[in-house]
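Heads up, there are several structures right after this.
Next come two complexes, and both contain chain A; in the first it sits with chain B, in the second with chain C.
Let's turn to the complex of A and B:
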């Protein structure tokens, strides 16, 4: 495990760059715990101040320090991405592995549900959810809904691998030795699909963060929880660009781009982990 | 003494329906045989003669579309003969690996490529041993040492071992519970002759130490000649001849067996070998009567009409051939 990480850092610039960028973002998010200002309070600093040594990224029209606001926002946004990714990974693993291994009517039933989710238009559904739920639409509920809508493509991907694993000798042997379906799926097949799960986790986090930012910018979420999209929403509400307070919009946009790029680079480099031959080729021994 | 395995009138067909048209492939058709305790029984036959289907059926490792259509398989492990297909899943699970183990075809691939060897042992054998984990691992290490394998390989992944080592690990895996009956499906096919000799010696040694019975399947007649006590020849889903190995090689009674043995190279003999015309019949539409008659040099009228019965002509030497029954030597 540590050897693989070391090799990836040394021989794979995508992984190194992605890890450094994501590490920087995580440090920024961690700084939120030592923020001098409570994140929800307004008019704690002089409003509309440009970046200075006192307020590194300036202050906004609501009298908040943009840098410290950003630390809380990126923490919530990252956490949202992780929660959605974990929940949707669990669903797609369970559906994909069981559908692939069991086959027959179980497979047909699970895949018809799966295909239904694939063709559902996700964005209008989330907007609809917001209008139905209104004040109950909390951050956690949004994460749950997004996770329930974001598992279907990866479940199909995992199923396709499970279908091939089902016909391998070690699966036959496991069944012959008396392991039941749950044991075979979790102990024999799960380790095999984990690299794919890592890659799709990164992609899924990118997708869910993008979704959250989009919804927040349009005001279709709980805008009182500070998130990257929420910051852009408030900046738009106060016409920040028109009044020349560019740092209020530039800071969250720049940071979320860093998040996207780092996750994308990490998911790229996971391909090297999945296929050790390309890793060796890069190290010059293959 | 009671045989450990009695198979009688076994029929196992692949039954499929494509767009409403039923198709039946008779891969195992009316096979009767028994295997004694403490012996190695070989099954020989060319590709697609039903060897693998037969032993999958004997191991009850079958999945649709393969179905057992008729006949019975009875194992006698402790409490007298019991029909394998009448057992419940729990009873079956209690027998497997503890009494009946199976070295599968392509068995080098039974080790999960992404898990360490130790996990494969724990997953496959631990539940059948009834030992606490430390004692189980100790037992595994002792068993590996007994087969001249380093205990350190337990911590390796399958791709870190050579083909021969992987094969020995799979055999260790199949024998760690000291089973009474071992089914081996072409365990030496992918190995070169030196490694093959090692592996065969190992199977022979384990079999003698444990007093187990082995059902050994391969198309390699040389391996059979070296290893097996008795030999059964399959052709197109049927058993055509069965005899003690020495008798079978010295005096084959079935024309197919005779050709099979005549095709083997011998040191110092450089006469050209003649192949048989034609090819094995399709098991979906086998010829009527004796399935070998379209290729048989001794074919008579009766061969095209009637299936020859399996008769014991000499002690322990059974054959299914109309010509042999009339005393015509192949």
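Let's turn to the complex of A and C:
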């Protein structure tokens, strides 16, 4: 485990850069626990102050310190990504592993449903969901719905691995030993697909955070929970750019771009790590 | 030819399945949630001033009719489908009495045009650059282009569109940032109007292309080396076929087939991006229509745009799938 990490850090600049950037973001998120201001309170600082030594990223028109607001926002946004990723991983693992192992008509049926979810335009569906729920829309509910809509692409990927695992001898042997499908899939096949699960987690977090930011910016979520998108929403509501309070918008936009790029670099490097040929080429050329 | 017929049938069934499941998801969201849209609308409408109980009862029954919430669950489901099959989404509440179908048919061409042009550009440019970058591994310029494309790729459409809006709206205002054509211009088939449409579509299209290009670039670049290691490519190289011909007819031609499948799979995501971009740039397509409908509380319009989006995207996927055999003759041969 530690050897793998050391090798990745040494030979893979994408992994090193991604890990450092994500680490920085996590530190910012962790700072929210020592924030001097309660995140939901307004007018705790003089409004519209430009960045200074007292307020590092300035203050906004609602009298909140942008830096401390940002720490809470990025914590909630990251947490949202993790929750969606965990739930949707469970669904995609279940569908992918079973479709791959069972094959035949079960596989065909599951994959037709799967392909349907791949091509469905999710954004209008989520907007419709917000429209129906209105004030009852909560952070947890959005995570649940996003997870139910965002598992399909990865299920297909996991299935393709499960298909090849099925033809391996140890699968036949496990079946002869009297293990049933559920046991074979969870105890024998699951460890082999874990590397893919890790890379798809990064991609899925990118996707869900992007979704959350977009919906919040438009005001289609619970905008009272501080998130990155929520910050941009309130800044837009107060016409921050027109009145020249650019730091209110620039800070969350810059931080969320760092989140996206770091997660993307991590998934890219993990992807390459899984493919031994490109790993060897990289270590050889050093 | 029989193999092609079989392929066609399979794709048509998949199209029907996507529409069926997608519209049922919309049905479940609108009907299985604990919130009753009828009571919600009534409480919103009666919040100001006094309304007599008879008027509320009349309102309730007409709203129930409109939202299709009367009767048993099966009745509601059948009524929901019945209306969609005949394309009747009722009148729009915010633009009463214009039918929802009219509003959508006005907005749909803008979205379709924007998506068609930007998707073709992103797909074509991404594949071309990716193919070149995979073939000429040492080229500095292509490596640089790759880093830029991959850096923008993970950023969501909204953020990219927003940054472009700030850059070209406030910092360096040379392009129009809102609308589909200059105000006061009469739509018609003349040079001035077409020029205006193109100028107004530049920024929305640019943001879609910028985000889209990275995925195709990366896909193509990783496909090329595996095809270059195939026997037939090595043979062609040894036989002295010109480099350009190897790249075009041997390598990229074969890599295009999986990229077309990829295009069909990502159309839904591209559509999501297009409607968000429209909102940022005030482009009069489905996205702007959907979002203004939500703000106006126009239930029939929201339902209409959602279902039409589902049908339109799955139809576009079907079209791409039908073009696939042109690129990959094996589908017909089998």
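The working rule: the second predicted complex is superposed on the first by the 283 of 286 C-alpha atoms of A that agree within 3 Å, B and C clash if a C-alpha of one lies under 4 Å from a C-alpha of the other, contacts with A are read in each partner's own complex, and residues count from 1 in each chain.
Simple rule for what comes next: a residue touches a chain if its C-beta (ideal position, glycine included) is under 8 Å from a C-beta of that chain, and two chains touch if they have at least 3 such contacts.
Since the model is a prediction, treat every value here as computed from it, not as a measurement.
Novice: Under the superposition described at the top, does placing chain B and chain C together on chain A give a clash or a fit?
Specialist: Aligned on chain A, chain B and chain C fit with no clash.
Novice: Quick one: name whichever of chain B and chain C touches more residues of chain A.
Specialist: Residues of chain A touched, chain B against chain C: more for C.
Novice: For A:37, decide between first (touching chain B), second (touching chain C), both and neither.
Specialist: neither
Novice: For A:177, select first, second, both or neither according to whether it touches chain B, chain C, the two together, or no partner.
Specialist: First partner only, chain B.
Novice: With both complexes overlaid on chain A, does A:56 touch chain B (first), chain C (second), both or neither?
Specialist: neither
Novice: Using the touch definition from the top, say if A:134 reaches chain B (first), chain C (second), both or neither.
Specialist: second
Novice: Which partner chains sit in contact with A:198 here, chain B, chain C, both or neither? Use first/second/both/neither.
Specialist: It touches nothing on chain B or chain C.
Novice: With the superposition applied, I'd like the minimum CA-CA separation between chain B and chain C in Å.
Specialist: 11
Novice: What is the shared patch of chain A, the residues that chain B and chain C both contact?
Specialist: none
Novice: Chain B touches which residues of chain A in the complex?
Specialist: Chain A residues touching chain B: 168-170, 172-179, 183, 187-188, 191-192.
Novice: For chain C, which residues count as touching chain A in their complex?
Specialist: 14, 17-18, 21-22, 25-26, 29-30, 33-35, 37, 40, 150-151, 153-159, 162-163, 166, 170, 264-265, 267-269, 271-272, 275-276, 279, 290-291, 294, 299, 302-303, 305-306, 309-310, 313-314, 317
Novice: Can you check the complex and tell me which residues of chain A touch chain C?
Specialist: Interface residues on the chain A side: 112-113, 115-125, 127-134, 136, 153, 206, 210-211, 213-214, 217-218, 220, 232, 241, 253, 256-257, 260-261, 263-264, 268.
Novice: Please give the residue numbers of chain B that touch chain A in the complex, ascending.
Specialist: Spelled out, the residues of chain B in touch with chain A are 59, 61, 92-93, 96-97, 102, 104-107, 109-115, 119-120, 123-125, 127-128.
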